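Each of the next two complexes has chain A plus one other chain: chain B in the first, chain C in the second.
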Partner chain A sequence: MSVISDLDAVAQPPNTTRSEARKWANPQVLIWAVVLFLCLTPFILIFAVSFGHKVEGAGWVWGFSFANYQRVFVGAEWPDQVTWLYLQRLYYSLYYAVIAAVLAVVTAFPFTYLMTGLSRRAQSAWLVFLLSSLSLSEVFIVMGWDVLLSNRSGLPMVFKETGLTDWLKAVGWFDVLREWGLANPRNVKFKTSVLATVLTMSYLVWPYAVILLYPPLSRLDRSMVEAAHTMGAGPWTVMRTVVLPAMRLPLVGTILLLFVFLLGVYVAVTVFAEPAKQTMSVSVYGAVRGNTLNAPFGAAQAIVLLVTAAIFLVLGQWMNRRTAS
Partner chain B sequence: MTRMNRRALLKSAGSVAGLTAASSVIGTPLIAKERSLKIGAYGGYFENSLKEHVYSAFTAATGINVESVTQPNSTDWLVTMTQATKAGSVPADLSLYARDTMIKASRIGGLLSPLDLKAAPKTGDLDPYFVFEDTTGPIGVGAMSWFTAMVINPEEVGPPASWAEFWDSEKYEASLGLPKNFNAQFLDIVAATFFEGEATFKTKDGIVALVEKAAEIKPNVALWWSAESQMEQALKNGDVIGGQYYLDVSNLMAADGFPVQPVFPKEGNPQDYGSWCLSSISEKGAEAAEFVNFSSDPATQALMSRKIGTAPLVPQSKTDLTDDEFAFVSGAPSIKPAYEAYLDSETFIKETWEKMLAGA
Partner chain C sequence: MNGLSLTGIYKDFGSVRAVENVHLDFAQGELTALLGPSGCGKTTLLRMIAGLELPSGGAIRLNDDDITALPAHKRRFGMVFQNFALFPHLSVRENIVYSLVISGTAKADAMETGERLLDLVQLKGYGDRRISALSGGQRQRVAIARALAQEPDVFLLDEPMSALDAKLREDMQVELRLLQQRLGITTIVVTHDQREAMTMADKIVVMSQGKVEQVGSPQDIYHRPENAFVADFIGRANFFDGVVENGQLRIADTVLNTTPAPAFLNGSGVRIACRPELPCLDREDVEGSRLNATVTFVRDLGPARDIHLKTAIGPMIVEYAQGEDQQQYRVGQETVVTLPAEGLHVFPEEKAVL
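Coming up: the complex of A and B.
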């Protein structure tokens, strides 16, 4: 708020104080001020904390050093030792988010396309169903998938009961699965694995993908599709040359939005990813929580994650604009 | 007492005026006599059980009312209490701290007040390890303790004689559940099994050696759990057939018919404990001493073992716990965690451990 009032004071000559006062009464300015305040305060606070100093065996104190940022890139023992531990976590943050976002959009797109061809009634039924599934929290969804993939109650049980496990053992593929970490000596296992993590993450954002793709797809002029058909184009050619080019912008936009959303996923990663493949958001929480009370290091990691996300968004927009022109 | 006073007063009071005057005089000391104490404990089932079984017995025995205060855990509570102490008003007189948090508080300084052990003679029954003294005096008296134990699925494997057997990939490939946090005492198990115990934590080389030994068990670990419920589900579902888990919860699960069996191998299991610590700006030192005295009583220790599932801080012989009841919550030998090292080399151990887990 103070930023805005300062700016106003600088921008306007002193003889307009009365109009300035009237401007303050303008509800729009007030709303902007509140929004800016609410958005900026947490961010500035985290930024300030990230320069703090950790007291070994106790809490942390305010300070000004870049040690936390240095640790994100080369580790605490630098220069004696270098570790890419935290960069590896950043990599996995991006890795899961990209794959899960693309997977969600790739599967949601044909679904939404077919859905927009249905009757109004059927469309609204689907939309209501998808919207209501958004009320399930991440914890709830992860719990569900956890049960689905569990040894005694889920997919591995199906493998065992149907004889699939024995068959896999007989043909020797079981050992391949063991090497991939998808089996123990007794049965197949899907936790912990990249597969389970990515599947759960795309499931998590799938309804968003449909809801984001629905408006542009329902606005798509179907007569163009029909025209292409009458001119002899097969369904794939129509999809490739008519629908996809028209939908390129919303598709990229949806992927970017889901990507940013997925960067912060916490529960799915802690449950389904092994520690070697966990993400920066898990690491942030590990630093801030009571265990070590190292909020400054957590804040530094959060800032690095934020900057990386921003870079990806800008790059995405830039590429989008370049291909458009 | 109160009724006696009032009756005597009614008899002696000659007039209504005299009665009013006298009752106002007598009323003041009556209010002052109502003693109370605010005690913090970890919220949930634990706090509820304390309220229901322990605080009520304490009030019945001493007349001191207890106001229960919910703590989220140990370390976050320390942050709250540090700020509250600075502000001059604390939410609890007595708080429950794990040993490492208590040492942290002692190092920060000015947060805790020594307890008057002369007014709490029963604390003499406790193993001296559970009465923590710093330069200012005894600042923490053990409240209760808990084990994290070796657990196995008895339908799949027999009880190992040593923790070292968990390193055998022939038997345990991708089948164990171990805690993910660096200070969840798995390193203490490694130190007790393959090295010189707590002493190995004293040097950086020692810590590296411990973590390298822990790295060798990685192919056998199916789950590095961070939340208690993860390991519970994995044990119930057969996703893991062994690992490290809370002794009392394992016993509860076994009692419910799940294939879980806690084991005390020859090296033992890590034992952690909570302490009652008095805030430096509390004025309830006398009441706190009475409570600590009550809590140290072998009868109270046994009560907590039965009702909350914590291990007693006094030998079994001093309590009336049966062998079965005792085995449900405790066992021998006990591995004492290297608390000081976890604090002194906090960043180093955490990062070395996480590098090992991440393979970075």
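Coming up: the complex of A and C.
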């Protein structure tokens, strides 16, 4: 081959098809494509299914109708009759998730703060313990709480046997507990109640709260705390005026993350919440796999739950930025 | 006594004794520098004074009141931390008036004090800025103003200049000293920088391995070091090992005279220190022990020159201020060095172990 023919070959425009092929063969592009496919496909499918409709006595068929969304927001009989059943379930989803997330963070924060003041070895031991507790499934944890709160073998029995129930009756607090739905005529009862539901949900995410708060708390400049002490601030003032403001972002972030996680809790709500106070995730499961077998309606509820979570996340971030500025 | 006093203070961390039997008095309005190498216990001592560490033993008294177990937030001691420890979520003004706000001072009074302190540390107009928008020097000023806001009985500074660059550090040393003199607050500064200590302090406490090695004015510490550690740590010194013989010092075959005569038994091993600016070269008019020497190196430092010499008693550095002696020394040149008798500091041999 002559030099001139070599130069001709170099001067030729690149083969577009081959360069396109090379672009697609790029490992980074491939990885992104796979990740996007795996993340988006289930969501797109559920979104598409939510517009379908159930065939009585059979499965469901694809379609494009807002009937499922209508049923979620105003009921199936609208406009003749309006029912808020599913919005009520959405309300309980938010109610339990907000309270349990806040409770978990409020209790995990002081624990984590104290933990970061321990020796490295003690901190490691606690973290290993907490990480290992994450391996417990929701079912296992709920089973444990179920036993703990059950009327015959759990805390109510302890209350009765130790005379605490009689003492509560004597001081008049028993009636208050009854008003709150935490007692029957004979003894205290925790199942089924909002308290039991929230406590169990909070317990479920508590290790996550510690693990999420641990890095920012361990990075917190302790000399700021000491500086506040030297300026006359007692421990509570330091917590209120220095530690909490410095930890505002991680705290809000942790609450939001736990809140989103708790929106999807199923087993704890099924076991501990009254039927009238069940959440949307229970309803979604009921529609998809339960008695009704109405996948499109379940998908519509799931989409509403997802959008609600997204709205809360955006609101939380917006409020955080607004406070910071 | 009026002021702060430490009696027999010590601190153990597990099996390690970080501070050993410290007895110190800090007079009202005096600036004292705790000076020593890293890990000598000076910061631990300061933290015990601040109430951030509880002493393992001993007593801390302020105007005769025992405050040893009093928590930090009840002491009214202002403290500037090494990293300044400013609150990033508060503005400059809010940082400064923090102590006033939490103590319930009326807002108008707190703001007025804030403005006065901003003016005092030359940061007028910076009150609304975020801490992140300040330079290192400005942050240090905010930290100082913040510590002064509560009108502290004692002002503590833990390596306050270490985060600043060399030029700014020099300026701030002078500024801080002037401010302290104007306010007349009892002040304790921890530093490992002897120049900083000499610039600012009325009194220097030299520490090593948890112990106080010497307490004195900057001039005392420099010109009359009580042991080899102080002679070595403060400024520069030539060191020689020798023995005492009939009121004189013998190093190898050379005999040196000192004034006063060394108070050691005959045959005692001693360490001798001599500041490099004290020996003279080729001066017949100066009294002292004369030694033949050979120039091994000449180091020009701008305002001064270091002449490195080889002598019979060992290597030695002689510092000459430029212009003081116009004679130029070259490597290999023979010369005579005179060690003035009053410029030799003699220490027992065991103190020589650094």
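Couple of notes before you dig in:
Following the convention adopted for this analysis, the second predicted complex is superposed on the first by the 291 of 325 C-alpha atoms of A that agree within 3 Å, B and C clash if a C-alpha of one lies under 4 Å from a C-alpha of the other, contacts with A are read in each partner's own complex, and residues count from 1 in each chain.
Here is the rule we use: a contact is a pair of C-beta atoms (placed from the backbone, for glycine too) under 8 Å apart; a residue touches a chain by one contact, two chains touch by 3 or more.
In this text the structure is predicted, and so the values were computed from the model without any measurement.
Model built by superposing both complexes on chain A: chain B and chain C fit together without a clash. Contacts of A:Ala183 after superposition on the shared chain: chain B is touched, whereas chain C is not.
Look at A:Lys54: by the touch rule set out above, it reaches chain B but stays clear of chain C. Set against each other, chain B and chain C touch different numbers of residues in chain A, with B touching more. In the superposed pair of complexes, A:Leu148 makes contact with neither chain B nor chain C.
Of the two partner chains placed by the overlay, neither chain B nor chain C lies in contact with A:Leu257. Of the two partner chains placed by the overlay, neither chain B nor chain C lies in contact with A:Ala67. In the superposed pair of complexes, A:Val98 makes contact with neither chain B nor chain C. In the superposition on chain A, A:Ala246 contacts chain C only, with no contact to chain B. Nowhere in the superposition do the C-alpha atoms of chain B and chain C come closer than 46 Å. Common to the chain B and chain C interfaces on chain A is no residue. Partner chain A is touched in their complex by these residues of chain B: 73-76, 78-79, 82, 103-104, 107-108, 156, 173-175, 180-181, 183, 222-224, 226-227, 230, 233, 236-239, 343-348, 350-351, 354-355, 357-360. For chain A in complex with chain B, the touching residues are 54, 56-59, 75-77, 83-85, 88-89, 146, 150-153, 178, 181, 183-186, 189, 191-192, 270-271, 274-276, 278, 290-294.
Looking at the complex, you find that chain C touches chain A at residues 50-52, 71-79, 81-83, 85-90, 98-99, 102-103, 146-147, 149-150, 156. The residues of chain A lying in touch with chain C in their complex are 221, 223-224, 226-234, 237, 241-242, 245-246, 248.
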